[in-house]
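Worksheet: the structure to be examined is printed underneath.
The first chain written gets the first letter, and so on, giving A, B, C and D; residue counts start at 1 in each chain.
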Amino acid sequence: MNESSCAAVPLEWVGPIRISGDTVRDEVEVPLATYESPLWPSVRRGARISTMVESGILATVVDDRMARSVLLEADDARTAYTAVRLLEHDFGQLREVVSNGSRYAELIGLHHQIAGNLLFLRFEFTTGDAAGHNMATLAADQLLDHILRSVPGVRYGSISGNYCTDKKVSAVNGILGRGKNVVTELLIPREVVAQRLHTTAARVTTLNIRKNLIGSTLAGGIRTANAHYANMLLAFYLATGQDGANIVEGSQGITHTEDRDGDLYFSCTLPNLIVGTIGNGKHLGFAQENLRRLGCRAERAPGANARRLAVIAAATVLCGELSLMAAQTNPGELMRAHSQLERPATRIGAQR
Amino acid sequence: MNESSCAAVPLEWVGPIRISGDTVRDEVEVPLATYESPLWPSVRRGARISTMVESGILATVVDDRMARSVLLEADDARTAYTAVRLLEHDFGQLREVVSNGSRYAELIGLHHQIAGNLLFLRFEFTTGDAAGHNMATLAADQLLDHILRSVPGVRYGSISGNYCTDKKVSAVNGILGRGKNVVTELLIPREVVAQRLHTTAARVTTLNIRKNLIGSTLAGGIRTANAHYANMLLAFYLATGQDGANIVEGSQGITHTEDRDGDLYFSCTLPNLIVGTIGNGKHLGFAQENLRRLGCRAERAPGANARRLAVIAAATVLCGELSLMAAQTNPGELMRAHSQLERPATRIGAQR
Amino acid sequence: MNESSCAAVPLEWVGPIRISGDTVRDEVEVPLATYESPLWPSVRRGARISTMVESGILATVVDDRMARSVLLEADDARTAYTAVRLLEHDFGQLREVVSNGSRYAELIGLHHQIAGNLLFLRFEFTTGDAAGHNMATLAADQLLDHILRSVPGVRYGSISGNYCTDKKVSAVNGILGRGKNVVTELLIPREVVAQRLHTTAARVTTLNIRKNLIGSTLAGGIRTANAHYANMLLAFYLATGQDGANIVEGSQGITHTEDRDGDLYFSCTLPNLIVGTIGNGKHLGFAQENLRRLGCRAERAPGANARRLAVIAAATVLCGELSLMAAQTNPGELMRAHSQLERPATRIGAQR
Amino acid sequence: MNESSCAAVPLEWVGPIRISGDTVRDEVEVPLATYESPLWPSVRRGARISTMVESGILATVVDDRMARSVLLEADDARTAYTAVRLLEHDFGQLREVVSNGSRYAELIGLHHQIAGNLLFLRFEFTTGDAAGHNMATLAADQLLDHILRSVPGVRYGSISGNYCTDKKVSAVNGILGRGKNVVTELLIPREVVAQRLHTTAARVTTLNIRKNLIGSTLAGGIRTANAHYANMLLAFYLATGQDGANIVEGSQGITHTEDRDGDLYFSCTLPNLIVGTIGNGKHLGFAQENLRRLGCRAERAPGANARRLAVIAAATVLCGELSLMAAQTNPGELMRAHSQLERPATRIGAQR
């Protein structure tokens, strides 16, 4: 691949990050590909802190599913409602349609919305180690065929009705789930907060309330309360062959902190991590290699590699979020970091 | 740069796209870097159509500014309010602070929010050909110093109060403006719609209402009504050295279509294109080269290159959005395209 | 009750409205209590039109439930997750707790959100003919006691965690359901549109797209696409003893229209009608009388009277929405109506 | 007015509430009309506390304006943009159109949104002591006439484009302003918190973060972070002849609290109080009398009576919000209050 046929996004390995919890118990270095070079030292600082806490970052996988919504036009709302009842009743049949059409996809949920004569059906799947966009679309296509043949009074509207929803801002993804939902938590001793982050638990918590919670609310945010999840996610996604456009929903997460007698409880909740270890992008040499080095190409039950990847992504997000939040408690620190790090032409990537 | 020190995102040039309007009158090929290879033919189809319309895609730059909000703690709301009145009165002085500290940044607006004793000040700047994250942060830092010295009863809260807002979902960016606001429009003759897109203006318009407007509303979207702006934006941003995480706010745009006696009026409104032709990422060889080939490194008045870039980005978005929307009017077309294009392991990148 | 001990909100009966569908097949007059007198002729015009269509307004009850969310503090996210799994497994036991504590409340659903160490549990109930605020709170209180006694590692956070959500703007209520979800539809012949509404199906549909869908999106609305549901709901709620503050979520509905060869398909989707025929406010003489006259105090299965009431409310909303939307297609009509109706001091109540 | 021609909403006077600040320095009793009788003791408790703090509730009026948006169809986005520039340039002329058409309305602001070929113009006015719906609509109508006559390439779309926005959920009202924006603050000594509210500043603050900020965010709220503003607003609005449907936007406010060494800082920010002392509803005998008793029918400069009313409304909201928040820190307190207060048929109105 020559220069002109790719965008060569600079990549550094950062870490290790210490992680514990139900899915990963490990110390891992992570690859971050970004044009914003100050992101590396920012995440590095957080990673260093994770290793100073015995159990490291506690990561919990709360959910794992992929969704696709189709859109049907019904004769009227009553017909739409009847169709929903019928499909719920025949859910087993729908499951068969999916399992017949795919080795990995499994139908695990069905939601709907009726607006006038329009029917939005949201199918939820497990998709093994794939992020699952494609598997979900294929399955939805087959389900749609089945429904159009078997349910009276409904017609094709669209293979995607935006109630999925992919690469767009929504509330539905956080409420019903789409992708891996991972919570990461770190309890940082008071002295580490002081010496490494040059701040206190009280000041970080005050900042989190005012900036991430109140500021985001004033800005008209929706299900968003963080400083810069998108930065870490994009760099991690690019480095591992993910579809980076999914940082749109990935960015919608919640930072929650507590001052626990001077120790800092710092958590990041990421409800919509859409990642996989197989599929588009992952076949590229560097992506394969990076995934392998992350331990995400091992022999495991279907889905386990992808969940490991999601946990590592989430831990990476915590490292960068912690570092920036701490910096913003101190007047001028962000610009000082910038002046030191961005020579000649760059800026502190972690700024927002 | 060796394999291990970058993420080599595959890049293809697509086009030309024909563009007219107040900023660009040209036919331009565009570079798209993506792991989702079906994005290329999808945008290519739209580009081809733009050349079949005499005036091509009409692009209008509606706004151009960068914003950063700082957060102050005041004694109480009254003190916050008094501070705002004072700063509005001394706006000229604030402008001087900014112009003294930067060759390119110019302060053009000041907004605020008061919540209890908290004061969020949102500064708006023009930043020449830079996207302006850094310039805005530096200027905000200097303004903050000035304010803390000159306004009684207020204290440092944060250099960023999330009322900016950067790389996060919001309503404020669309309402007050952040980045370039570009509207693109294309009026496609009925025969072209039929022969090239295999659909009709009526069907595209019906789909747009149901999917992009109603579906997005049901999903709990905020200021978002499109199919997949994020895909085109990320690919374009990566190819031109932009901070790709800004696709989060970039994704919040509105597709509006009309059936005009069989001809298809198709428009994309992108209120938050955060792009520049200088600054981080643009110093990389391939980015410089790509920007040059796009005609965005020419001798022009400050800001003109960046606006040209924004217009081309917006036109690219229209091409991809048009192509996908047309495809989704036809049952099965998306998956058929996928089966043809994604051998062996990929999927239609434009899906969502 | 003397003048000084009440707010005597002027009330008129409007109608009849012709309604069909799964719940109500009837012509009913409806009571509207409002300070905005032009609301009456506005709804009256819509009601008149409903009687010109043979089947009248088709109303479909799509859902019926009440929700209350409690908030728990857990040791960490993993403990919260374990608690959720446990409660889902023991759902039968939770159902017993509720049925033991109430004659009418039945637990029908459990949702959750985990953010850091916080656990939000959203309980869903059927509550017979009561709107159910109280019944749901009582049941949630008992469930909370049960959980605090039986689930390790969780502590009391709040009896309400705002994930319910009551009398506040949200997306969760529309997505998961709270109150009665009713869709009303009316297909109005072309001539009636012309003669009675002085407009066309095409113009109403164009207006609906631009104003209710695009305008609301630009305004940063959330799950809202209508002109003035709140007006009709408040007047109807006050007249029937409902808790009028529930118009906040009631206002979040979607108007969808179609031009069907000149006939106007007009629909209103109201996902969150929180009404009852027993409980607070309904014991007042006039409320009882009004409910009786609406046929909502009859001997029916528990819940049937309340659903009838919700359907009538929804049909009333359609009448007022149709009338205003038609008026706004014509320049100046709103102000002309106002000038005629608001002598000397009033205004067209239906304006917004 | 006989029973059958009104909805007689029970009303009690509660207070006095002690208020200070730029607009009101007074102790005032407030009338609350509601079917939810527990609202009275709830607000009463908060009012009592306000009198135990020497300066009472500090209220600051941060903004005061009314808005109406019109919708225009333009030839294309460029024409829309040119129209905006023209109107901004001729703003003085627009101001004249308004002042010629009304004694009280004054045009003070103009905002716009362009989406494709659609142009939304948002006019902002001061409207004296009227809430101003009507005055704004009349002025918008005249402005529309003027624009249609003088600006080329634009056509009538709608007298209201939902970018106003009235009685609907939005972000625009909070960001750009609509109605009175009032912040109320109360600093409650530690002992009062303990003895009267049976809680601590720390517990109230923790609850506020978890419930009002995080819970509302998870629920997909937009610019909303409170427990039950809508309850107090509706009761106050009904008692004073206001258009109660404006509680929809009124409900979108932010409760912010701090634990100040054991003292409780408690604030309510209400950006969209849409109230007046003249106009619809205020001519009714009881409304006039109630406004008079509130001191809002005095001889004052235009607008001053309405601002006084808004401040009193906002202080009332604080009283009820404080009381409920304190109650929810204690397990079981809400239901105990309910059991005591709602005999035989009522419930604690302040619950949500």
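To be clear about the criterion, contacts are C-beta pairs under 8 Å (C-beta built on N, C-alpha and C of every residue); 3 or more make two chains touch, one makes a residue touch a chain.
Everything quoted here is computed from the prediction, not taken from an experiment.
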### Summary
For chain A and chain D, the touch-path distance in steps comes out at 1
### Query
Same residues or different residues: which describes how chain C and chain D meet, taking over half shared numbers as same?
same
## Note on the structure
A student comparing A-B to B-D should find more C-beta pairs in contact for A-B
### Query
How far is the middle of chain B from the middle of chain D, if each middle is the mean of its Cα atoms, in Å?
34
### Query
Taking each chain's centre as the mean position of its Cα atoms, how many Å separate chain A from chain B?
22
### Message
Two-or-more-chain contact residues of chain C, please, as numbers and ranges.
### Response
113, 115, 118, 171-172, 174-175, 214, 216, 218, 220-224, 254, 256
### Query
For chain A, which residues count as touching chain B in their complex?
1, 3-12, 31, 33, 35-37, 69, 71, 73, 113, 115, 118, 120, 133-134, 137-138, 141, 144, 148, 156-173, 175, 207, 210-212, 214-216, 218-224, 226-228, 230-231, 233-234, 238-239, 241-245, 247-248, 251-252, 278-287, 289, 328-329, 331-332, 334-335, 338, 342, 344-349, 351-352
### Message
Help me check something: in the complex, which residues belonging to chain A touch chain C?
### Response
21-22, 58, 60, 62, 76-78, 81, 111, 113-118, 171-172, 174-176, 181, 183, 185, 220, 222-223, 254, 256, 258, 265, 267-269
### Query
Within the complex, which stretch of chain B touches chain C?
171, 174-175, 209, 213-214, 216-218, 220-225, 254, 256
